[in-house]
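What follows are several structures.
You will see two complexes here that share subunit A, one where it goes with subunit B and one where it goes with subunit C.
Entry: the complex of A and B
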């Protein structure tokens, strides 16, 4: 008896192997010309796994204090064998993960996968995206370099402009009135304990929901399949779809390795709380469209502070975005048009403002 | 009425028990949460240096140049004008808190984060800053440039 057969036998005697593996055997994925978009969520999940692994590796050498953080990252990148690679992969995978998460979100929007009964899948997905951005924002500060220091100053100051709770929130995030070593310690705690815990819970919920409802079929394909039921095609999740997903992961890993090796992530200069902000301060690219908007809003709009107005607008837009599925109830053509319009507008706004942000000096 | 009062009295007593239990439970939760909430608020940091600080030496700055100095825990900007006189302002941008710098060629104060400009009196002249920079008083004492907060009249 081979080892595998012995193990299987051991399990068979205690649990029902057939019952255990039934979901795997029965799960099917719709096959049509838009099936490729199904890979994006899986790729995002894979990149999250990379983040957990490389994050644990970085924790072996990183020191979360204002006096040691920059030096410890420098040490990782120059002294630790392959430290540059691990850190570079962590930074690149973070950015790619946010990118694939955004693509995943827009594909879900345009392919109508958020519709009833999948509203909760959309909402948990949006919360996961916010958590991912929180990961990005808190992780950005950890090397304690000039760019990150000022980006954090601006980012937390923006939080401070929220009416009523703003100031308290800012002090809570910064660990005081200013961005100091106390901020670094807090962000470190958020980045390695609070956010991973929340993300694990939400991620499991999100994946369980996807399993429960199965893959959504885009409205156009669904209409075609309804008219001609013989057209409908499915492939088995295991092993057919799973192997394709593995190939996608392998390609993602290849892209990630190449980027990390060819364009290693820079460290910059150590943050000095008493030096002027250098030119070219910018947040990470996925905050760029908001950053650029705030930069272009006049100081006073009518009688209100321009920034407060901008922040409130983004806040309201964010909440509406999370509730998007509820604007498109089943059988309402106007709702679908509204959501598609909002999606096109948001996508073009984000792309245009991001490009503008990088072109403008 | 008599028939009604009896069945009602039992649920009423149960209700009291529920309120007491629930209230006690909520109270105990509050006593767990309260210290946690207080713990989240960082203790205040004592302002160092008071209202006056030595921002630099007289010989240190050339005309039409500037430096950042520490005013307590906050940065300040000490500018030496082209005519040799000094002025000092808060270096914290009123927009989103970046640290501003002196732009010698246009003789304005510039914040690199969002391209905000202030004139030498600290007035916000262009870009997103909503308020002027706080202006400090400058006194020369021996070799030192002393900067102090303006007293409100």
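Entry: the complex of A and C
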């Protein structure tokens, strides 16, 4: 008897193996020309898993204080066996995860997967994306290098512009009026405790919702299948779809390994709070479109402060974006057109402003 | 004697009158002034505009036209410039230092405006070549207003000021580079052109180092005079302290002194001091040693040894730098070696300073210290490059395994789908 069969028997004697594996056996995934987009959610989940594993390994050596953070990361990069690989993978996977999360969001939008009854799946997904960006913002400061220090200064300064609660929020984020060691400790707390806790809860909800509702079929394919039911195709989730997803994960792992080995994540120079801000302070790429917009808004727009207006506009746009499924309640042509138009506009705007941000001096 | 008496009497009277005017002017600092009403509309040199005068530090401190020129600025038209009102018109050039010095030499008075400002300018000026010649009746020499300006006089801390460190050389050059104006003084007029080609000018204007030397740093300002042969070393030593200490230990110092040669200037020049390179120790066009020494003599051998040592450390430093740069551009973390490399650069700089002692054993010590560091940084850089190559081999192996797994998965998927295609489709379409 093989070990696997012995283990299976052991479980079978105590639980009903067939009942346990029934959902897996019965679950099916629609098979059509656009099925490849289904992999994006799984790849994002895989990269999140990588983040958790590499993050735990980094925690073994990282020290969250202004006097030790930079040196501890430097130690990880130079002295710890495979420390360079773990840190580079953690940094690259963070960026790839946000990239795939954005791709996943737009694929869901353009394939109409947000429609009734999947509104809550969209909302939890959006909240997860915001949390991922929060992970990025808090994690960026942790190596305590010059660029991160000043980018955090600028980022938290922008938060301070939020009407009414801005100043309080800024002080809360910074742990005082300025970015100091207190900010680092606080961001570390957000990064390894608060955000992972919230993310785990939301992620489980999101996955449970995906399992409950199953994969959405794009409206055009759905219409075709309704007209010609014989054309409808599905594949088994396990092992057929699962193995394909596994292939996607392997490809992601290969890309990640190549990036980490060929372009190890730079450490830069240690932050000096008394040094003048270096030229070319930029946020992470996923904040660039907002940063560039705020830079380009005039100081005064009519009677209002330009920055405040910009932040308010992004706040309102963010809330509307989360509530996007409710603008297409019936799944009719009008609602779909509105959502698709908003999606096209947002995608073009984000790409254009990001490129502009990197090209602008 | 009569002439002297009458001149002396007239001078004393004028000075007393000017002092009285200054006091009256100061006392009425805030009184309304009509001077600019007319002078703003006149042609130069009588023109003084409100915009111009408002920039003047004296005007900002509350002094008026009458503080220097006398008269009654509260009166309109020519009454303001009547002799009865104490008006004395244009100040003669030879009276300017005394007029300025009346306030600027008065410590108690100046404390009210700027307690940190020196009050020995007039005394210094009297010791300068300018001051001495003025006393001899040469009114072409510089007086206060030639350097500081007049009516729009700004403090030295203002970068627009004629005496800001950035502008001092140009201010001096207005007379000293004018061959026609300087005719008869028997001094060259190419100092400014030479200075503009110097490393000092580059430090000042390109690197923005306001502490870099300009004319007044070596010649003095109010007491401006050329440094003599004996004082050149002291002038340079103000900044180049260690070089001077080494020079003091060297055999060159007594040799130069007995030959009446001006120390540092012999090898480095004065106004056109260029960036010193190791080639100065060589035998090429930039070489300086062979101007005095003979090929093959003891000193030439010492020169060759020091040059060889410097070149060896310089090459070792550059080689380690190249390896570390290659490692950095591959994303390797070598900041520790970089810091050590800075120490190697310090050793090289120290050796170049020690050259001024012209003692080969002292130079050798610095060189050996630097070589020890570069050997270590070179090894660290090469280890980083070897590590980079190991990582890339590891990546190649990992990618190979990943590709094999992908291929295996693809084949497995195809196999299970071929086996169960019909059954599954039938079941799912039920």
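As a working rule, the second predicted complex is superposed on the first by the 360 of 361 C-alpha atoms of A that agree within 3 Å, B and C clash if a C-alpha of one lies under 4 Å from a C-alpha of the other, contacts with A are read in each partner's own complex, and residues count from 1 in each chain.
Following the convention adopted for this analysis, a residue touches a chain if its C-beta (ideal position, glycine included) is under 8 Å from a C-beta of that chain, and two chains touch if they have at least 3 such contacts.
This structure is a prediction, so every number in the text was calculated from the model and none was measured.
When the two complexes are overlaid on their common chain A, residue A:84 makes contact with subunit C while staying clear of subunit B.
Of the two partner chains placed around the shared chain by superposition, subunit C is the only one that A:267 touches, whereas subunit B remains out of contact.
In the superposition on chain A, A:244 makes contact with subunit C only, while subunit B stays out of contact range. By the touch criterion defined above, A:153 lies against subunit B but remains apart from subunit C after alignment on the C-alpha atoms of chain A. Once chain A of one complex is fitted onto chain A of the other, the partner contacts of A:276 are limited to subunit B, with no touch recorded for subunit C. Contacts of A:317 after superposition: neither subunit B nor subunit C is touched. Against subunit C, in their complex, subunit A makes its touches with residues 28, 74, 77-78, 84-85, 230, 232-236, 239-240, 243-244, 246-247, 250-251, 253-254, 257-258, 261-267, 269. On subunit B, the positions that touch subunit A within their shared complex are 40-42, 45, 68, 70, 73-75, 91, 93, 95-101, 111-115, 124, 127-130.
Contact residues of subunit C toward subunit A in the complex are 330-333, 335-336, 391-392, 394-395, 398-399, 402-403, 405-406, 409-410, 412-413, 416-417, 424-425, 428-429. Only residues 150, 153-154, 157-158, 168, 171-172, 174-178, 182, 273-281, 294-295, 297-300, 305-307, 361 of subunit A touch subunit B when the two sit together in their complex.
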